[in-house]
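Next come two complexes, and both contain chain A; in the first it sits with chain B, in the second with chain C.
The block that comes next holds the complex of A and B.
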């Protein structure tokens, strides 16, 4: 019974990984057979200023979207965990961007950032301020993309924190209140330590998805202006499908793979066995 | 879950909390409202310098015109066919695999489980290039010979759009967790009644994991409908385009027609919003389990 899923995974996940590792050591343009070139692709990567820039950009994007998103997600989860009325409405509104296609969302933000008649510059215009060209400006493009990333990702982080908060043992808080611990004290000495597994879980899954951002870059900036928003995934896409350097693209994708694997292993090491079964 | 304070007059702190949350919720929804509002404005109004936030003239005709300007209906149909196929295939095959890994002892079952866990960790961007090559060089398809040469393989076919993404390791993993939680007695009773393994799976155990079926079905449909990169890579012809790719192409070719673009985007977004509102409980459960999108 496991056979269909197994064959499917072998063909569409197992084989591709083996192929990616092999092709990373070749020069391959799809039209002619791959030619073994040893480590040449990896050497080329060292000289590829755009790829280096994409790594830096990916790290910057992740550095801003993940911690800020997590902080906001935690604050919202704490607010929603207090038995409010209309809690479901708030939760739905905050989670909505998460179930919507990134392409659709990016198109809406592209229009919001439109320098002439977009929402931002229209609102700024009401105060007599002339807004920047947002996505077309080398200094504003990355912050603009980061804002979209935070906005879209907040719902998931809030949701995981909310689920974790609802599983916290209530009797600890009662005991702490009896002992006269203030709510702030309770938060820092009970809630935060107990949320540690959830925090690591959110951190790792957010890192993995932030490192693989692509759709919003494709729609919003095409990696520009002047490479100021290009990401590793975007460079992989460009190498393979615009320059037809498939071997080189595979080598780049292995670098991404190793980085993501690193996150997962570090997580495993720090988390130990704290996450229940499996 | 605290249920205090509901009958007492609201404290100032509580009011501040409501106000803050309302503001946040508003910020989260504003882009969606702006999308809908724009889709109902006339091009003249969008382009005018002193544009107001709400349309002065509600142009509901934009939607009919947008459907004529680009085959958005075809794109949406394609997305629907693919998402529905993925949903059915994933629910059927991943539940079978999840069941076998959870309940049947066979040689190497644990090893197989770890294979699926490993597959779960492979980033999309590492496997997508070779996947594309497999599709391109699919033997005996699209004019290819036995060695995958000479034609275009599965490129620009329904096969390429449906088959590679049909079964996800994530669904196998989720199903396994749900089947693990079922009591042994159920299974033993069925076995005493002489039921075969497949019938135990189909008749006895699977009806017990209905929430898992719904969760996997909804998450599969959602991620398939929202998928962009893969359909972008494997299709060229307009008739096979999915809605997300269709929108991005429309943006490139008619970048200034914001009223049509936002109408199309609204059409692409609406089904998922509705699906989420209806099945919120299952989405929440599934996402909280995985945190993966």
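The block that comes next holds the complex of A and C.
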């Protein structure tokens, strides 16, 4: 029964992973056959200031998009879990960015951030404030990209939290109410602990998603200015497809994989995985 | 057959070995160019964009090709310059490299050195009257690998009214004069010059060449920009910003159709390309009617007009070499070059087209054509594909933050040397 799925996974997941690991130890430019170079790609990475910068940028981006996105996702889920009027419309509106092509979203944000006639600077202009060149400024480019990342990711987080909230046992809340627990107390003593498996899932998927952010960087900033928004995935893409250094890109991908694996294991240790509240 | 862990691992191993040994080991067993032009071939092109471009290519250019070569069927793979690398990379990895490829200036040495491109007969270079500077980027180690189609020049456009108001009679004859003029023309929120509304890589290269330096030595084996002149050319941008005559954060994306600082009167001079003319016609026709836009070639120790463009070449792996070569020659023929140039508002590279009505109707194209003697091209090393991607992110910190020009150039030099050493 599992053979077709196993074969599919072996062919489309196993084989590329093995190939990527092998190519990470080669010099491969697509034009000529791979040549084994041992750890040279990893040594090059140590000297690659832009890749180091991309790691820092990715961590900063993740540090802001994941917790803020999760917090907003949870708050929105709590709001929509209650008897809000037209909540179907709100749910759709919040989830829409998740299913809209990032390219289309990024183009809209490009306009919003346009320093001359974009939405933000036009609004700031009404108050006599001259807005910055959001995407061309080394100070503002990263916060601008982070804002897009948070906005785009909220929908999925909200949806998962909402599903989890709707499955929480109602009798616990009834018992807490009888005992005189306030809604705030109920949230911290019942809701939040029971949401732990969902939180772990949201955290891990958000971490992976943040570490793999690519489209918005590609469209909004091209990694600039001065590499201030370049991310690991963007550097991997540039190495492979613009510089024809596929072996090096595979080595960079391995580093990304190890980092993600490390984060996941640490989180699992801290949060106890997807097990429910003990 | 029962699937066991051992058989699965064996299959995986065999598959991996096949995949890895297949990687990049493309065959060079192309067909012969002296046979009859026949077969089904593919053209990969980053130009002929949009409905108009498609109509031009398929409704006119390829229709005529089909009349001449009825036994050849051409399939077109459209892309743009942003995604051209990806297309080529994936095509090479998949062993499906198109028979005819159109690529940019500077791209020939990397692909010719790796034997991806077929050498073209020298007779093709003599078929049309090219200026040698135009043909130069089509060669690698003296051999012809491509033919030029359309070119894109980088020049300085300026506001004649701003010059007149400041009492400036003629364009600057040196970078020193340019800086002084830019300072003089800066008023309120108007910049004296906007050099940054073109790609920073191309902008710096233009100033580098104008400063009398080059990117690489003649055979492309050593970097040549790390000396004082290379540093000066980058320092110039810092000096302009220090003077308040230029501002990196106020650049406009003219290539994307945004109204430029020059049109809005927010810059008196601007680095730009010949495509600006069409933009002026559509967005600011009054500037043309009143004859308020002029152009000059950037001049430092020498005049320099960076000239990019699109070259057409033949894959070394094509099985239909005669058909592919015939298409290369057809796309580079004067009528087709002129049509493509007019569609993209670019510069035709063939001398006989200088007097065409299209060239005469676009003042910036006409200006570019008349100054092709000052043309200089980027690239020149087989490691160019890697180095070109490093230039902007490495130099940008010097322009937008406190990094020194010397440190940025030194870093770029190290990256370029490392790329060349890997060849």
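Operating definition for what follows: the second predicted complex is superposed on the first by the 250 of 278 C-alpha atoms of A that agree within 3 Å, B and C clash if a C-alpha of one lies under 4 Å from a C-alpha of the other, contacts with A are read in each partner's own complex, and residues count from 1 in each chain.
The rule is short, and it goes like this: a contact is a pair of C-beta atoms (placed from the backbone, for glycine too) under 8 Å apart; a residue touches a chain by one contact, two chains touch by 3 or more.
Just so it is clear, the structure is predicted and the values come from calculations on it, not from any experiment.
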Clash or fit, chain B versus chain C on superposed chain A: clash
Which superposed partner A:102 touches (first chain B, second chain C, both, neither): first
Partner chain in contact with A:189 - chain B first, chain C second, else both or neither: neither
Which superposed partner A:94 touches (first chain B, second chain C, both, neither): first
Chain touching more of chain A, residue-wise (chain B, chain C): B
Partner chain in contact with A:31 - chain B first, chain C second, else both or neither: second
Touching partner for A:159 - first (chain B), second (chain C), both, neither: first
First, second, both or neither for A:215, with chain B first and chain C second: first
Which superposed partner A:15 touches (first chain B, second chain C, both, neither): both
Which of chain B and chain C A:132 touches, first, second, both or neither: second
Which of chain B and chain C A:177 touches, first, second, both or neither: neither
Steric overlap of chain B with chain C in the superposed model, located at which of 133-141, 169-177, 259-267 or 277-285: 133-141
Those residues of chain A which chain B touches in one complex and chain C touches in the other: 6, 11, 14-15, 19, 23, 30, 240-241, 246
Residues of chain C that touch chain A when the two form their complex: 3, 8, 11-12, 15-16, 19-21, 23-26, 85-86, 89, 92-93, 110-111, 114-116, 248-252, 385-386, 389-390, 392-394, 396-397, 399-401, 403, 411, 418, 422
Chain A-facing residues of chain B, complex: 1-6, 17-18, 20-22, 24-32, 34-35, 38, 46-48, 51, 53, 93-94, 96-97, 99-101, 104, 112, 115-117, 119, 121-134, 136, 163-167, 169, 172, 177, 180, 197-198, 201, 222, 225-226, 228-229, 233, 244, 247-248, 251, 258, 261-262, 265, 268-269, 272-273, 275-277, 280, 283-284, 287-288, 290-293
Chain A residues within the chain C interface of the complex: 3, 6-7, 10-11, 14-15, 18-19, 22-23, 27-34, 44, 49-50, 115-116, 132-133, 136-138, 223-227, 230, 238, 240-246
Residue ranges of chain A in contact with chain B within the complex: 1-2, 4-6, 8-9, 11-17, 19-20, 23, 30, 76, 79-85, 88-90, 92-105, 107-112, 114, 117, 119, 122, 151, 154-156, 159-160, 163, 166, 201-202, 205-206, 208-209, 211-212, 214-215, 218-219, 232-233, 236-237, 240-241, 246, 249-250, 253-254, 256-257, 260-261, 264, 277-278
